[in-house]
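What follows is a group of structures, each given as structure tokens.
Two complexes are shown next, each including chain A; its partner changes from chain B in the first to chain C in the second.
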Partner chain A sequence: MTAPVVKGFAALLVHAPNLVRYGAEPFYRLRARGEDAGATLRPGLRSYEDALRYPPNQAFIGNLRPEALGDLPVPWYAHPLEGASPQGRHGDLMSEEIFYGFLKVADDFSQVSLEADFLEEIQESLRQHPLFQETDAKRLGRGATAPDLAQKVSSEEALPLFLGERMVGIVQRAHPLDPSLSAHALLENLACKASALLALRQLLGQHPGGPESIDYLLSCSEEAVGDRFNRGGGNLAKAVGELAGCLNATGADVKSFCSAPLHAMVMAGGLAQSGVYGDIAIVGGGSLPKLGMNYDRHLEAGIPVLEDMLGAVAFIVGPDDGHNPQIRLDAVGRHDIRAGFSQQAIMEALVVRPLERLGLSISSVDRYASELQNPDITRRFERGDTAKTNYKMIAALAAKRGEIPADGLDTFVATCGMPGFAPSQGHIPVGIAYLGHGMDLLSSGQARRIMFLAKGSLFLGRMTHLADGMSVLVEQHP
Partner chain B sequence: MDLDNQAQIKELAERLGVENLVVVIGALDSGGAEIAAMTVTSGDPTYAGPLAGVSLRLPVYHVLEPEVRSSVDQAAYQEEVELMEMALEESVEDIVATTRKAREGLD
Partner chain C sequence: MFQGKKVIALGDRDGIQGPAIARLVETAGAEVVFSSTECIV
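Up next is the complex of A and B:
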């Protein structure tokens, strides 16, 4: 049987403590209270070293198997890893100052200005960075003077970019009245574009055909790129592809709250299998609005603000190549409109029905990659352990169907699940964060079948009370 | 408790009267149940939402309590609640105890 395959995966983490102030919760709340965001947040911000040694971050970039996190002492933030590396099997953990450089690289309209001395300071590290390309150098420009930048900030045309208390750059608005082109909206969009670009470059650097072998790009990123006449108009995919050198590709964006990555994966699978396109790259850029989502509770508890990471992913789906893991298009799980709202209905739609179509049982799947939110964060803030709850629901479904004994739920969870490890980035934790690890297991024969699951909270947008959900079964190539 | 839910409960209490309302909560752990139950009885303990400092003293039940279970359609209960009940990390008794305590504190 031929089926589309997943050909590669890359991930990127950016430690962004000084961008936390521009996350939606800190930005709007602290502004409403008239508080100095820098002063309020500073006591809770962690160092790059702390972020690097944080076990879930090492799992995300591929230096640690997520399953192994279960053996480490908790809370993870209090038990930093020895020997952590910024280079992972799936990608890098980048520092904020280098990311500011790439923010400027990603900027086509001079919205970002970096301060000249700062630019000089990072120039050498940027040039030596493996994801920096020769053509990026001229995009950096010469930098601006600190008084010029300060003037633009004080006239409210721009938001300052900080490193600690030092202003090292600004992001300017593109229109005085349009909220879609405000400095804040553009910063969100550029952070998404830059992080998606870095993940895509990482991915294409390992792809035998290189960037020009990509026919189509899909972005499953969350940001609403557009203007007042078309908020969320989109096509970040093409914008990212341009800077990654995908000259033969076109692209489009896929939106469905957190379940967008799996919709994109299924669409790409269909397009590759039908022959419309060959290799298709999917990018999910980082989501700046999620930074510091629970900053006040972190500060109140006296623990570091753990939502200080931008996370991005990129992967390629293409026609069957005879060896990479296959996407089972005949077993796509979907939460259809009639499925209802209950968690049970959603899980049956996503897990049971697609497996039934193939005559498989719940326990015939080696691993489920579900909502992999980090329990170090969710447990503390009354949302419990989302990943574990999902696994227990899948186990309970298996028990109800008589596949496993009623007292076998915990064993099932330990065998088929894993602790959540992904940064709080909306679309990134939902299954897709595990794709690289999953491909490693499938390619090495340590697993035959992995199911990726995603749920999306459509109701948050106030257009429907519905939720969304999607599942995709990926198998070892026969 | 979610700020929108707090606002909605406050509005319903004002419109319908507290004597005509019962709150059924569905928190997955005892900590969450306690906060939700306190929010609709003595007021939002986190002082974040519309019910901060507002003591509605509404009768509150957890969906897993026998009083609720026995008064709803069993097929619907099985379809909507049973799987979540099986997936709980804490015992049902622990989770409902905090709700019961908040309710009994009203007497």
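Up next is the complex of A and C:
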């Protein structure tokens, strides 16, 4: 049987403590209270070293198996890892100053200006960075003077970019009245574009055909690119592909809140299998609005603001190549409109029905990569452990079907699940964060089948009460 | 206990969603004046 395959995966983390102030919760709340965001947040911000040694971050970039997190002492932020590395099997953990450089690289319309001395300071590190390309140097420009930048901030044309208390750059608005082109909206979009670009470059650096072998790009990122006439109607995929050198590709964006990555994977699989396109790159850029989502609770509890990471992923789906893990297009699970609102009905639609079509049982899947939100963040604030809740529901369905004993739920969860480890980035934690780890297991024969699941909160946009969900079964190549 | 009562139903996407709560209390005789689901992640 031929089936589309997943040909590669890359991930990126950016430690962005000074961008936390522009996350939606801190930005709107602190502004409404008239508080100085820098002063309020500073006591809770982590150092790069702390972020690097944070166990879930090491799992995200591929230096630690997520399953191993369950053996580590909690809370994870209080037990930093020894020997943590910024280079992971799936990608890097980048510092904020280097990311500011790439924010400028990703900027096509001079919205970003970096202060000249700061630019000089990061120039060498940027040029040495493996994801920096020769053509990027020209895009950096020569920098601006601090008084010029300060003037644009004070006239409210721009938002400042900080490193601690030092302003090292600005992001300017593109229109005086259009909220879709405000400095804040453009910063969100550029952070998404830059992080997606870095993940894609990382991926294409390992891809035998290089950037020009990509026929099509799909962005499953969450940001609303567009102007006041078409808010959210834009195309980030092609913008990212342009800077990654995918000269033979076109592309489009796929939106469905957090479930977009799996929609994109299924669409890409269908396009590759039908021969419309060859290799298709899928990118999910970082979500700046999610930074500091629980900042007030973190500060109140006297613990670090853990939502200080931008996360991005990129992967390639292409026609069957005879060896990479296959996407079972005949076992796509969907939360259809009639599925209803109960968790049991949703999980039956996502897990049971697709497996039944293949004559498989729930326990014949080696691993379920479900909602992988970090419990270090959610559990602390009585928001539960989303990953575990989902696994328990899958286990309960297996027990109900007589596949496992009623007292075997915990064993099932421990065997087929894993602790959540992904940064609070909406579409990034939903199964797709595990794709690189999953490919490692499937390619080495340590697993035969992995099911990826995602849910999307459609109701947040107030257009429907519905939620969304998708599942995809990925198998070892026969 | 819900007969003749007005209810605001606030649900959780990964727990019990708003419409599920609304349907339940309507069956018990309540009037749902507002229902929504929130996402905590």
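Everything below uses one rule, namely that the second predicted complex is superposed on the first by the 478 of 478 C-alpha atoms of A that agree within 3 Å, B and C clash if a C-alpha of one lies under 4 Å from a C-alpha of the other, contacts with A are read in each partner's own complex, and residues count from 1 in each chain.
The working rule: a contact is a pair of C-beta atoms (placed from the backbone, for glycine too) under 8 Å apart; a residue touches a chain by one contact, two chains touch by 3 or more.
Just so it is clear, the structure is predicted and the values come from calculations on it, not from any experiment.
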Exercise. Touch check for A:Val351: first (chain B), second (chain C), both, or neither?
Worked result: neither
For this session: Quick one: classify A:Ala59 as touching chain B (first), chain C (second), both or neither.
Result: neither
Exercise. Who does A:Lys388 touch here: chain B (first), chain C (second), both, or neither?
Worked result: first
Problem set entry | Which of chain B and chain C A:Glu371 touches, first, second, both or neither | second
Exercise. So, does A:Ala396 touch the first partner chain B, the second partner chain C, both, or neither?
Worked result: first
Problem set entry | chain B versus chain C as contact partner of A:Gln343, first or second or both or neither | both
Exercise. Which partner does A:Ala10 reach: the first (chain B), the second (chain C), both, or neither?
Worked result: neither
Exercise. Shared contact residues on chain A for chain B and chain C?
Worked result: 342-343, 384, 389
Seminar exercise, completed: Per the touch rule above, chain B residues touching chain A in the complex are 28-29, 31-32, 35, 79-84, 86-89
Exercise. Hey, which residues of chain A end up touching chain C in the complex?
Worked result: 340-343, 371, 373, 378, 383-384, 386, 389-390, 424, 429, 455, 457, 459-460, 465, 467
Problem set entry | chain B partner contacts - residues on chain A that touch it in the complex | 342-345, 347, 382, 384-385, 388-389, 392-393, 395-397, 399-400, 409
Problem set entry | Complex interface listing, chain C residues touching chain A | 11, 13-20, 23, 35-41
